[in-house]
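The two complexes that follow have subunit A in common; it is paired with subunit B in the first and with subunit C in the second.
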Partner chain A sequence: MLIETFKHTMAAHCESGTLTALLNHKGLNISEPMIFGMGSGLYFGYLRHTPNLNFPMFILRTKSGKLRKKVAKRIGIKFKSEKYKNPEKAEKELDSLLEKGIPVAVQVDLYYMEYIPEWERVHANIHFITIVGKEDDYYIVSDSYFPKLAKLHKDNLRKARFAKGYLAPKGFMYYIDSVPESFDQKNIIRKAIKETINNMIGVQPPFIGVRGMRMFGKKVVEWPKITRDIDHLSHEVMKINIFLEDQGTGGGGFRFLYATFLRQAAELFQSPELESMSKKMMEIGDGWRNISYFAAKIGKNRDLGPEKLKELGALIVGRADAEEAFYKELKTVIHKI
Partner chain B sequence: MGEKNGTELRAEIKKMIIDTLNLQDITVEDIADDLPLFGGENTLGLDSIDAIELVMAVQREFKVRIDDQNLAREVLKDVNSVAEFIESKSE
Partner chain C sequence: MKEKDAIIDYEPHQLMLYVEKEDGTFGPIITGSYLSKNYIDDYFEKMEKLRLSLLNQLKDNLISPIEYYRIIHDFNVFELSRRTEISVFKVKKHLKVKGFQKAKVSDLLKYAEVFDIPVSNLFQVIIVEGRDSEIKDGSTDTNIYKVRQSKTQNQNLVITKFELNK
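What follows is the complex of A and B.
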């Protein structure tokens, strides 16, 4: 069986893309960038000490799950969600929802998505897909990173939903119970943008927002001290590229996605000033993309001497300066709309 | 954009790929319009770093934005898809 009415679309980011597809299916016509912006998804954090990871990492969006909960609260969406210890029970309940014609979002380890070319598959426990049907032993999957509906063997889905390790999915699934007939979109946008501004330049711990970017720029120069050897250093520097461009950010570390949100908001408010901010955010994204490329290149070539790392650090600090000026300006624009 | 321009555009794209990525021993004639740029066998064998470099080069040389990773994946499939994307933006 297949839920014929479900419309598969690709998306920049799996969490916001899955949520958007489910909302669209439920009749709420809204775009992925709008969901991302209205959920204040844009973020920055440089985490020096991370549980289960032995190396600093940086994050570019809010914690997994936060976007969905925030959007739900602001718009008035009701979800049903569940985690499971028993894979048989998880599968049975998923099948039962599909029988009722309800598409279900599940958290999975990306590695088991057999329809994605092998060289692109990595173990990543916080990937989201939507299950929209079942034919014999295969589930029909809508994956926002894949151009069309795909088939996934039930054994692989089970492995993916119950993969172990950091941020393990634990069989997590959710579906939408109800959406409101109307909501005050303009008010939500104002509130959401203000929260993002606060996350970036408000009173925050020193590793969050633009201060976090500066910390990152300063600390990356010291990475040779905390890496085992040149191979380890190269691996960590190249991961900057993966985090910024490869892991479902939509490119430029989510900055392009946020720029599109601002452009759509500008249309809604009929605000040329907001439109101009959208263009500025695109340029900020270009700068992050440049960092991504620079890091990938010096990492790949093992060109990781102090001068190169200083250059990388300066590029990152440059983004902090650009973003700080941007949010200050956005603050004045948001008070006018 | 006309057919002749389409052919010229494809040649320009191939030249851009060779120059940008500094591909040794490869000429414009070696790259078929439908040769997959990325992936396993029978491709040009580019990697993800080349992909970012190409995205930035396409933006710079042809003044079109590729601001979505999925879009980038589609656009950078082969020379034809790059040309079609540039053409669609200049219509």
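What follows is the complex of A and C.
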């Protein structure tokens, strides 16, 4: 059984992509960048003292689930969502929704997605996929990171939905109950951009926003002290590229996705100033992409002496300066429109 | 990013990027992963080196199998404790050789579930001649044999089968 009307498409990011696909299926024509921007998804944080993490890491978007909740509240989308303690009950209710022709988004541990190449499969409890059908023991899955519909064995889906650990999914699933006929898109965009500006240059803890970027640039130089050996250091440095490009960001650490949102907003507001800001954000993304290429290169060559790491740190601090100037300018633009 | 700069020909790992198209508009393209295309060999090499180094430590009785798989899966102690629902105190004990000797079978089953391996693999490494790497449920040997490990209704029993790779 397959929900034929569901249109599978790849997306830049799993959470915004899943939500966009479900909204489109429900008849609301909206793009992924618009969802990302209206949910104030852009973020930055450098996390180094979290007990859940094996190594310091940086985040480029808001916490998992936040985007969906914000978009729902701002637009007025009604969700039905559920968490489960009992895997059998979770599976039964999922099957019953599929039988009714309702595509369902579920939160999973990416590791168990058997259709994804092995090297991409890491333990991450915050991946979202949409279940759109079932054939015998296999679910038909629409995964934003995979070019076509995939099959996932029911045992693996169960393991993925009930993996324990940090941000455990606990069988979480949701589907869309209703979408509003109309909403004040311009007002939502203004509000969402203001929130993003506040997240990046407002009063925040020192590891968040542009201050977080500066902290990252400063601390990356100290990474040799906390790694096992040169290969481990190389692996962690190359993960900068994964976080910025490969782990579902749309490139440049979500900056290209956000630039596209600003461009779509500029068209809506008929604002040349906002259009110019979208171009500037694209250039900021290019800078992040250069960092990711640089990190991959020095990681591969094991060229990880203090001077190279300082150079990497300086590039990151450079992004902080560029983004600080950008959000200050965006603040004045958004007050005008 | 300009569209022409974003195109990477690498089919095994596709992803979506947002780019500036030739007509100046911004939009999505599907392309290959730059990292996977250019650096995947290095990743495999590093992982294999790490695995062999850990395997040697395991053979020399310097680390426990739990520590071996913990590092392979990149879990810290707290995350492993949460995933297995075994206390941090006990996990720390099981990471050491002496502590592992005293671990209960019920705890080992929890570890095996989280590491996605048959429980028997905490006590053995299967190496097929000409292919110096361990195997996992369903994986295939690139040479002559297909090695398949299957769980049974008895959670303590695993069937390891060597089949001719036809």
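Simple rule for what comes next: the second predicted complex is superposed on the first by the 334 of 337 C-alpha atoms of A that agree within 3 Å, B and C clash if a C-alpha of one lies under 4 Å from a C-alpha of the other, contacts with A are read in each partner's own complex, and residues count from 1 in each chain.
Just so it is clear, a residue touches a chain if its C-beta (ideal position, glycine included) is under 8 Å from a C-beta of that chain, and two chains touch if they have at least 3 such contacts.
Just so you know, these numbers come straight off a predicted model, no measurement behind them.
Partners subunit B and subunit C, once the complexes are superposed on subunit A, run into each other and clash.
Looking at the shared chain after the overlay, A:111 reaches subunit C, while subunit B stays out of its contact range. Of the two partner chains placed by the overlay, only subunit C lies in contact with A:278; subunit B stays clear of it.
Applying the stated contact rule after C-alpha superposition, one finds that A:153 touches neither subunit B nor subunit C. The partner that reaches more residues of subunit A, of the two candidates subunit B and subunit C, is C. Of the two partner chains placed by the overlay, neither subunit B nor subunit C lies in contact with A:8.
Looking at the shared chain after the overlay, A:54 reaches subunit C, while subunit B stays out of its contact range. Contact with subunit B, but none with subunit C, is seen for A:290 once the two complexes are overlaid on the shared chain. When the two complexes are overlaid on their common chain A, residue A:164 makes contact with subunit C while staying clear of subunit B.
Residue contacts after overlaying the shared chain place A:234 against subunit C, while subunit B stays out of touching range. Applying the stated touch rule to the two superposed structures, the overlap between the subunit B and subunit C interfaces on subunit A comprises residues 10-12, 117, 119, 144-145, 147, 241, 245-246, 248, 250-252, 256, 259-260, 282, 285-286, 289, 293, 296, 300. Here subunit B touches subunit A in the complex through residues 39-40, 48-49, 52-53, 55-56, 59, 65-70, 72, 74, going by the rule given at the top. Residue ranges of subunit A in contact with subunit C, taken from their complex: 10-12, 32-33, 51-54, 111-112, 117, 119-120, 122-123, 144-147, 159, 163-166, 168, 231-232, 234-235, 238, 241-242, 245-246, 248, 250-252, 256-257, 259-260, 263, 278, 282, 285-286, 289, 293, 296, 299-300.
Subunit C meets subunit A in the complex at residues 1, 6, 12-20, 25-28, 30, 33-36, 38-40, 42-44, 46, 49-50, 73-76, 78-79, 82-85, 114, 116. Only residues 10-12, 117, 119, 144-145, 147, 241, 245-246, 248-252, 256, 259-260, 282, 285-286, 289-290, 292-293, 296-297, 300 of subunit A touch subunit B when the two sit together in their complex.
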